[in-house]
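Several structures are given next for inspection.
Next, two complexes with chain A in common: one pairs it with chain B, the other with chain C.
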Partner chain A sequence: MDIVVCVKPVPEAETRLRASSDGSKLDPEAVKFVLAGYDESAVEQALLLKETVPGSKVHVISFGPAPRTEEVLRASIALGCDQATWIEASPQAPNDPLLAARALARAIAVVHYDLVLCGKQAGDDEAGLVAAAVGELLGVPDFGYVVNLRWDAGRSRFTFRRITETGEESWEAAPPCVIGLQQAWNDPRTAKLPAILKSRKAQIARVPPDASTSPASSVPERFELPAPRSGAKFIEYKTPEEAATKLVRILREEAKVFP
Partner chain B sequence: MSGRVLLVAEMHDARLSEATLEAVGKARELGGSDGVVGFVAGSSEAAAVELARYGVSEVRWAKDPRLDVAPLGAICPLIVAVAGEIDADLVLVGGTTFGRDLVGHLAARGSAAAATGVTEVGRVEGGLRVRRPIFGGRATETRRLQGGHAVLALRPHAFPVPEETPVPLHLEMVEVGEIPEVWLSPKRLGIEAASSGTGPGLIDASIVVSGGRGVRAPENFHLVEELAASLGAAVGASRAVTDAGWRPGSLQVGQTGKAVSPQLYVAVGISGAIQHIVGMISSRVIVAINSDSSAPIFKVADYGIVGDLFQIVPALTSEIRRVRGR
Partner chain C sequence: MPDFSLTLEQESLRDLARKFARTEMAPHAAECDRTARFPEEIYRKAYDLGLMNLNVPAEYGGSGLASLEQCLIVEELAYACAGMTTSIIANCLALEPIILGGSAEQKQRLLTPFCATYQLASFALTEPSGGSDAGGLRTRARREGDHYVLDGEKCFITNAPHASLYTVFATVDPNLKHRGITAFVVPRSASGVLPGKDEEKMGHRASSTGTVRFENVQVPTTDRLGEDGEGFAIAMRTLDQTRTPIGALATGIAQAALDHAAGYSLKRVTFGKPIAEHQAIQIKLANMVQAVHAARLLTWHAAWTIDRGAKGTLESSIAKCFASDAALAVADEAIQTFGGYGYMKEYPVEKLLRDAKLTQIYEGANEIQRSVIARELLRDYQ
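This part shows the complex of A and B:
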């Protein structure tokens, strides 16, 4: 099975966020970039499928600027992906999910694939648009918010569940399809040192930025951090009942969260 | 931009979803009195009837039972065609799983600007300006959408459900035509109610009560569930709880779980690892109950109770039942 995984570098969760000097976006200086959480899950899912389906190959693709994009691709290779493609974005290119989806779809359209895996959303812009947009651009069915993805070899079908507001749907779909994964693995694999060293020398296919790309349709204007929360107002009490009465009164009269 | 707004309706349990109603309110504001057109797909016209109750008179209906469950690729070209026909410069949809995926499709197919999770939107010279929380609510971005066409999914609960203002329904059918086999071959085999049981879905809920490691054992988790029930809230959990298998992973709130933004979030026995914080920090009001006064959760909470949750939570549950008269 040929599996393509789309990944994105995002700031590490613990990173202190700061606005760029013009105030329009995140200042990427001094930020450590890592594989987005759900994308890491997508890589793990691809590698699990590879282990169960003989002859599988995992091709990881990313669109973004140097050096962070190349770094997450090498990290994916260290985890066990077989092949990597880096579509270079100019450092000036705005963070626009549709721009990314078009670049990814163009690169995927020229390779053979049975499955395209994406994380359901990246933890930075949280747009969650790439899987659906890539599916639309490739003209193959896409499914978002997926968990429990399996390959039914006997029937040549993927089976999976989708978590929506109304419940859990179970589906089956023939390849090729695009999946936006919502799986959270409790213990995704980590790269071993020899694999990390080897990944530094791995060949990464580079696709230059597409000059013909239409200008971004969505431009960030301002990046704001919330005023720091002042910390909890502690409720003084002598008995649990007093604590409960005081809290409920505050929630009704001060915070007005219920009547 | 000052064109018309196409509003795509979604049904939950035979009614318009709350997210759709929130979008109706915003569409009426942005599109003006006769500037909003509704779009409904599937076998039922109930959504169209309900749209008219909320002031949307003109509704297009792609009547075809296959569209009830078909992948979005089947519906997307119909919506793009209607948007073109009515000369809409904005397609608006509620911020559900359906809505967010649909925005990806429509933006890709219609070469439109797109944004999801929108908490503010207004028309500006040459386009729209939107605001949306990013980084799990740790930052907010303002974006300008340009190029003449935009597709937006609103963040759930960010906008009020409008008052009912019934108008006569003008229903017009949309020619569905051939649906390519590629969209019909995937099969939805079934649907089960969310595993959290009777309460509202975690993402949609206006109140969420979550339990963490402080609950100590799975047999104590009923304390969290009873508090949630008294508030009509959804139940959530920290990663410690779902990793330990006390509750299913679908209840996990956090970076690798669900991001929630309810009116009220109650954290019971949760210390407040950043992993968890990013999933709930955009809640309007946060209450924390924890035995450790130095727990990081108190830094992001609005109100805190330091104490033994095994005493505080039952007292709180009975007080809430008392004031709500149940």
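This part shows the complex of A and C:
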């Protein structure tokens, strides 16, 4: 089975964010970038499928600027992906889901694939659009919020469930298709030290930025950090009854949560 | 121009160690410290990720890292728990004599199967009669035909109760002093190898430290490293290699102490403002961060010197000595910053002081480091 995984570098959760000097975007100098959390699950899921379906290959693709994009590709190779393609974006390129989806779809269209796996959304913009847009651009079925993805070899079908607002749906799909993954079977694995060393020497195919790329669907105007939240209110009490009485009064009279 | 930036490869190794330290080690550090539990499941995971036999060349199944990369990893591990780190890196110390003194055949035969699975090894040099006076050790090695017979006792041996392999230093003739010392590789399974009790320690309580007795232990001559009398040089060259990562270990403790103190100083309010706004605390933090930076840079410099192929005796002694003194001082000031809370076991800083203390003592006491530093220094003036 040929599996393509689309991954994106995002700021590490613990990083201290800062706006660039013109305020238009995140200051990349101050940020440590890592493989996005759901993309880590997508890589894990691809590797699990590879381990269960003999002869499978996992090809990881990312669109973005140097050096962060190359780094998440190397991290994916260290985890066990077989092949990597880096579609270079100019450092000025906006963080735009449609721009990314077009670049990814263009690279995927020229390779053989049975499955394209994406994280359901990235931890920076939380847009959750790329998987669906890649599916539309490739002209193959796409599914979001997927869990429990399996390959039914007898019927040559993927089976999976989708988490929706009203419950879970059971689906099956024939290859090729695109899946926006919510969760792999396992917690993502950790790359081992020898694999990390080996990944530094791995060949990464580079696709130069496409000059004809259509403009971004959206361009952010300003990037600013949210104002610090005011402190929490602590209720002083001696008995649980007193705490509840005071809490109800605050909810009713100050927060006006209910009349 | 000197360049203090790390390569992307070095950063990714450090990230691996940081992730392991913070997710696998840190959550168990307080519990293992309290109960003196030896968390073998954590050491096994460290092995699985390639964080254990860092200095063993890759061709023999180790990670084959240079000194600087080892230091980056060790600092991260020690940030989470110095005791666990000591047990994780004890293999590096125990196996270095084989790397330095072993023949190609011995390395293949001894290192490759050892590194192929999770196993612990111990470096057995120190004896009850003294550690710093290594030339005066009393464990005897008597030659009998195609083997030696070892008799004696070693103490303060890291991982001794759990090790499957020991590198043992014994003398073929005590009258020869350090010129009689010879290095051997002894499997735990050899008859007469008797690990003793686990010592109750002040710090590094997740690590295991014990005695090993050798009673009429037969060691084939093929398991002798180098020739008769070359053991002392092998031991000293080993410590030249492994001393620098102890500087990194101490730096990790110091960084943890600084982070705890700085974080607490922003939250703790006295006289109507966070104590970080009181100059007395600012001065403490300023001194602490200087010590941490200096410890790290001296360690990196020693590692860089060794990685360029130099012996680095002076540099590694400076790094180990300075960083361990800094760790104790920074941990001490961290406790002072926490005030009464810092003295309580409920808070993490008193453990750092207890852990830091050992770094001034083991792998060459700082008194020995200073005499080495002075000897190396004065050589340039003679």
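The definition used in the following text is that the second predicted complex is superposed on the first by the 256 of 259 C-alpha atoms of A that agree within 3 Å, B and C clash if a C-alpha of one lies under 4 Å from a C-alpha of the other, contacts with A are read in each partner's own complex, and residues count from 1 in each chain.
The rule is short, and it goes like this: a contact is a pair of C-beta atoms (placed from the backbone, for glycine too) under 8 Å apart; a residue touches a chain by one contact, two chains touch by 3 or more.
The structure presented is a predicted model; accordingly, all values stated were derived computationally and were not measured.
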item	value
Partners on chain A (chain B, chain C) - clash or fit	fit
Which superposed partner A:K8 touches (first chain B, second chain C, both, neither)	neither
Greater residue coverage of chain A in the superposed arrangement, chain B or chain C	B
Which of chain B and chain C A:K50 touches, first, second, both or neither	neither
First, second, both or neither for A:H59, with chain B first and chain C second	neither
Touched partner set for A:A75, first chain B, second chain C, both or neither	second
Superposed model, angle subtended at chain A by chain C and chain B (C-alpha, nearest 10 degrees)	130
Touched partner set for A:L247, first chain B, second chain C, both or neither	first
CA minimum distance (chain B, chain C), superposed complexes, angstrom	9
Footprint overlap on chain A, comparing chain B with chain C	none
Touching residues (chain side chain A, partner chain B) in the complex	11, 13-14, 17, 25-26, 37-38, 41, 97-98, 101-102, 105, 123-137, 139-145, 147, 162-174, 177, 180, 184, 186, 214, 217-226, 229, 231-235, 237, 239-241, 243-245, 247-248, 250-252, 255, 257-258
Chain B to chain A touching residues, read off their complex	12-13, 17, 19, 71-73, 76, 96-98, 100-105, 107-109, 111-117, 129, 132-147, 150, 182-183, 185-195, 201, 203-204, 207, 231, 243, 249-250, 252, 255-257, 259, 263-264, 274-275, 278, 284-285, 287-288, 293, 298-308, 311-312, 314-316, 318-320, 323-324
Contact set on chain C toward chain A in their complex	8-9, 12-13, 16, 19-20, 48-51, 58, 63
Of all residues in chain A, those that touch chain C in their complex	67, 71, 74-75, 78, 190-194, 196-197, 200
